[in-house]
């Protein structure tokens, strides 16, 4: 299949990669009001929002830096040979406009935006934003039925509440998502979990709900191929969401994030795990917690853009 | 007057300045529950909070970086010769614990903390936090009567609302403070205002309420001595609050802030204006909007610590 | 006059400034092939090109970083009150695609792009690129008659050749422009010149051609008001180009440039000189030599964006 | 066993991790003169001193940056489940005050401080400082009998002298310690040694004294599990010191150090080797050579804080 | 064999490594006009040139930063024990003076310089410069007969042309070299290739010419020992050039480069592959694409200097 | 007078400024053992030493970074037109090799080196190194008779001792120099003094000895022209040393230093004061306290190199 060249990114052979208004992967910018919006199959969306961050802020700047770094991405996958932009109509849908000083208002705005995508049959690939972003996205995507989820992270994000009762932070989205019936906990797998712990409240919830946690030590011992095979078994053939927190990756490879945990996978492994997702029924995916203020060299954003490309290919392969 | 040596900072002649647990100006750490709390006259307080930030976040990290930089401060003012720590009992009271994901809750926590200081007769010198910090502080300090204010900033922070009705952000604190009767607008002067404008809504409010705005161009033309003389006339002899937004200073001298505006005063002028406050009836002061993630060299924090020292001396001279 | 809202930038009150695909000053992106191109009066153009750089490279990255920083710019000038985007139809025309490995080819591409603007009656405001950029731009703008020029810089860029005969570098554009009849040397003034010198060959050429050089020491002694009054007299009422090399500004305020010279104007003066251009017959303007790889904090780009806004207002006031 | 809550760190669920005066792991600050000093079992001590550094200086700033980063550490070990602060009374004892311009004076100050700990039965966990720090610490700890040592480093630090006879530098501490009878060379193992060599003088000394050196190439080939098993055999059940030079870790993971050597372990391995120390009779441990001026992102300090937590758990497990 | 001490670097035991005018590895600076030039066997040459760069510029600054970092290198290889400076007369020959604004002129200058080395029987070890550097070097070295090549890189650099026909860029040198008969494609192996692709034009050329490409995925799966054994078989015993693009290494370990590709080897592997070259008939080697403006911490340069040392030892072992 | 071209720096028109082994101002490297040493009139010397630093270390790296930055310096002074390298035989003499771990040994090495210069009639221009450097230099230069001194600094460096009796630190050199009879206190002027004070011990000493201190506030009020006129009167026509601590300049312009004090002169003023020294009998000069680890952008070094050029011209004008 070859798509309409209107939807193809400009090549670095024609326009140097540092030139041009930066959109995700140099795709056309097609916001919902654009006349060709309805032709899209995959929409890349930015959610510049970090009000749920309990620690070091910054992911509100993520989408812009990811757009910038993503102009380094070319047209073809080096291993599979897939040319995603010729396989499906893809575009940069722009950013959801958040309200930095009002969490519920922001969540409503996000859900409303994604409902429009769902209505148009466009699968979203999201660039966050902090991890609370996933919750309002899931509210739109899982309206009909709970989803399975492959979740790459160093944290479970399954806590009940922070600071004496605050229920909506970047440490709680998946607890809420399970409670709201957006995720089927039996089809949820969390990979790469590590770091010092407050306590075991999140692990206890996971155990009781049926969520499978694979700590980093187990990943390192069994190898990524085996871990990903198990992950595929857990989510099975049903509709699945992929949520990729950049802090899954070791902070030396991805310093630009708010709550790093040392001892994680390297950048080769960071891509490898995405390649193992091909063939799943991925209804949406996100990459979150890229925090440019802590990414002096821009390396995190470039790794993030590479991960977004891998996720895109996994959604299309 | 010489105070109890218990309240004196350790000298850099005895312990090198890079050594030791960093408190504000190497003062003893005396939280409210400390037995000698009641003896204090001036309390240095950190408010690590930036949930009101509509643009680039980071001031939640301000107090810690200001503590670190402030270990460079010595015992004596170079011009007046004042030795503030021998003039009044000063201490680091620690930080107010905010709730990063809940603005009203955080404001209540802040006000409650400062009411304790007011009750104990301790004048606060605050290290923010974003500029919304000033509002809950004023709620405690101005409970009895409205205050005058000398306000150094590049922005008026007098807007009505953001994002379609959000009333509590770092761009609105003094609009709220006037509305709540915490400030007497006739005794408020805003100095150094500059930068491109959304519109004139804030200026119109100031004009109708009687707030005096002195734009940077007027400061540069008349000179700081004359501007500060006018500021002193405006606040007069009544109780006065001093609010110092680090973005008053040119962003080359103070890059570590979220909403910089080029074309401001240099670091010599940044200190000079504080020295012109001596003798006023200062019931409290703050330095806000120091944002370490945008302050790679630490220079903003060191300038901020120097300003805090000048404000302290102005409160005691 | 109020322009069609289609051409108005989105406000930071509606969409936070860190959100959205970054165009110059958040203007609509209207490349020449856009249906509303013909309605434009001012076009902001990026020229991401630095092949003429003899020293530290990087200005090829300038346009993108300037776009990013320019999302901090609001709608109204703080001193004149001018609202430029309501005064004329402005847009981001995108970047001219250069050929980084071929100087003559790149110059031809640039001239061709600007001829299209001239043909459409659109005045260009250019974000470079190194200073060689000005030459192909002038070739399009001065086709009909030589222009006067107000040139802010620390270097004269009037050298004959480098490296044994290379005639097209960022140190030679105005020598070529005079030779090609694009500039009327009697109507050219160079302001802020400073730094150690190879020799006096450039000064000798200026003297013999009638170009007026005002070194920084003279600026500091006479004051900017007087200097700018002389500059206005020199260019008079004829068609005038404004070329602003960011290294005019002191490198502490603008570190992100390739050939800094210490001892220049501060950021307040950097804006002030632009404000003194109002009323001239400005047929085009550029800001060049912003080099992001040497601008770790982004401060140079933000100052550059502020200068672009001032130049835009000067073109419309 | 659960310890007195007085000795428990504040939780990030209660006070955000960026808030509060930063002590090691948010423990109470209990200097020797504190009334509850005698109740301590483990003391975290800073030694902000780098006068023995022959190359790039900076570790004098290590303790403060490690305190800052260590506020990211939570209460429970992710693998063993150990909650160290509930297992033993731990505290931040503050810094030993060095004399930056006098090496012998500084060494005496350090030894005197640690003798106080030995006298009180408190096991020290030290944050350096350069590697010369270990020598005066060992003089206090090994007063009674020589110790075994597990030493992680890229250098042996066994040289005789520098610069024509200077015997006390960060390249000589363990040569001196063996000569002074503080270490039993037969129970000393050095792990991770690598990098270009001046000559083989240090290796020759090690061979003749019986010190076992395991170069990085051997570690990579045999695997860390086997290497650490050998290390445990070497030190056996006797009293053992652990000295961890951050330059053991690859400089990409730990750039903030003075004498990096490429080709070292990653951050997962950096933690793994500590976990293999559990059960040894560890009488003290140190982490040295963290140099904040070369650690722009703070990543080295965060890795260092994570290593300190692992060492603490190894001392208690 | 021990060489004349005149050619030995000064030791860090005598002069601290931060002291002295920085030459490559602290060797004597012996430009071609030096009286002892003819005694040299190995010449370290800088080529500060990046005009062929199509993406992010900067390698023109590489040689100077590599010289600085290389003062950290000591006299002896840690594994083989080789002391290269006592094995052959080595020196820093200085830099070839390029013409940054003229590609053909620069290539001629480079070839002329290297022809002088060939004439004197000096084998060159080059510090680039971008990868186009290798072409003019090969023109001098392969004048007599085509060479084999071991090429470490993430890109093949085998493209035909950029930007509509530009044939000399850093993405084309080895296409040209094969076409010019400088390389025997059957004796060329490219190792570590990865990253998104424009298309397969380069791979097609390689396949038809007989060049062996070993992508990173194959390296990771087979292991470096096996990959290098194959590489040795491919180049065989004939004269061989080694070209090492620093972007072969993962960009977290080597951020200072213009066109990074995530997912590459770590720094241990980066050295390991060089050690596997010992015994080949290496007639010259280069390390290219080190770009200091993107190497804030200097870590890339230090890794690069370590690689240069490994290449030097491989040339002498 | 025109000097032998052997002593002329290479021009940036011939060899780009980023190319070549970096010596001070691209001068020939002529250590004392060089055959043409005796022909020199001015020697630029590096003293990479900071063992006297009581606060943040780093100036040991100053000479190398100053060499690098100084390759930006050209041949002619922009105001006076002086071409110093054609006026006197100048060279880079290399660095004095210090002993980083032994202060007295280092001081002896420095004095011995400078005695050689004195013996050869070469006037030294020194790049430090911390401010203790000036003391061993003065011991060589003032052997015959006490010198006058113009001292630019924010600190007096006149303290008696630190840390309970340590007499040789970078805060004490001029106290020692007066005591040792190396300086005639009546002919010493200290300009730009500022910052918070420990106490007034240094001022009291200055007052009793007859040293004139001109605090920054007085400089700002009277203007630099008047201040420098007074300075010239104080040192008169006798032999004079110039000592320039980079922390004289405001830390925003010169962040790369260990003990910054905000509120100092800008970079224009930093040069201006040097120009006011012309005609004095300058027997030697130094620029000290440039600390590269705190100078991320390199701007301090470039300012420092510009100051060195001004000092050189002042010595020759």
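Going by the order they are written in, the chains are A, B, C, D, E and F; count residues from 1 in each one.
Rule of thumb we're sticking to: a residue touches a chain if its C-beta (ideal position, glycine included) is under 8 Å from a C-beta of that chain, and two chains touch if they have at least 3 such contacts.
Chain by chain, the UniProt names read as follows: A, B, C, D, E, F = Agmatinase.
Only a predicted model underlies this, so the values are computations on that prediction, with no experimental measurement involved.
For the pair subunit A and subunit B, chains touching both partners: C, D. Note on connectivity: the fewest steps through touching chains from subunit A to subunit C is 1. When chain centres are set by their Cα atoms, the one at the greatest distance from subunit E is B.
Ranked by how far their CA centres sit from the centre of subunit F, the chains are topped by A. In the contact between subunit B and subunit F, the residue numbers used by both copies make up under half of all numbers at that interface. Comparing each option in C-E, B-C or A-C with A-B by residue number, the pair that reproduces over half of the contacts is C-E.
Put simply, the C-alpha centre of subunit C and that of subunit F have 38 angstrom between them.
Subunit A and subunit F have Cα centroids lying 55 Å from one another. Along subunit C, residues 14, 16, 18, 54, 56, 60-61, 100, 162-164, 252, 266, 294, 296 each make contact with two or more other chains.
Inter-chain contacts occur between A-B, A-C, A-D, A-E, B-C, B-D, B-F, C-E, C-F, D-E, D-F, E-F. Taken together, the subunit F residues at the contact with subunit E in this complex read 14-16, 18-23, 29, 46, 48, 60-61, 63-64, 67-68, 92, 94-95, 97-98, 100, 296. Subunit C meets subunit B in the complex at residues 11-14, 16-18, 72-79, 81, 252-253, 266-268, 270-271, 296-297, 299, 302-303, 306, 309. Those residues of subunit E whose C-beta lies close enough to touch subunit A in the complex are 54-56, 162-164, 193-200, 215-217, 220, 250-252, 255, 259-260, 262-264, 266, 294, 296.
On subunit E, the positions that touch subunit C within their shared complex are 50-54, 56-58, 60-61, 99-103, 105, 162-164, 166, 168-169, 293-294, 296.
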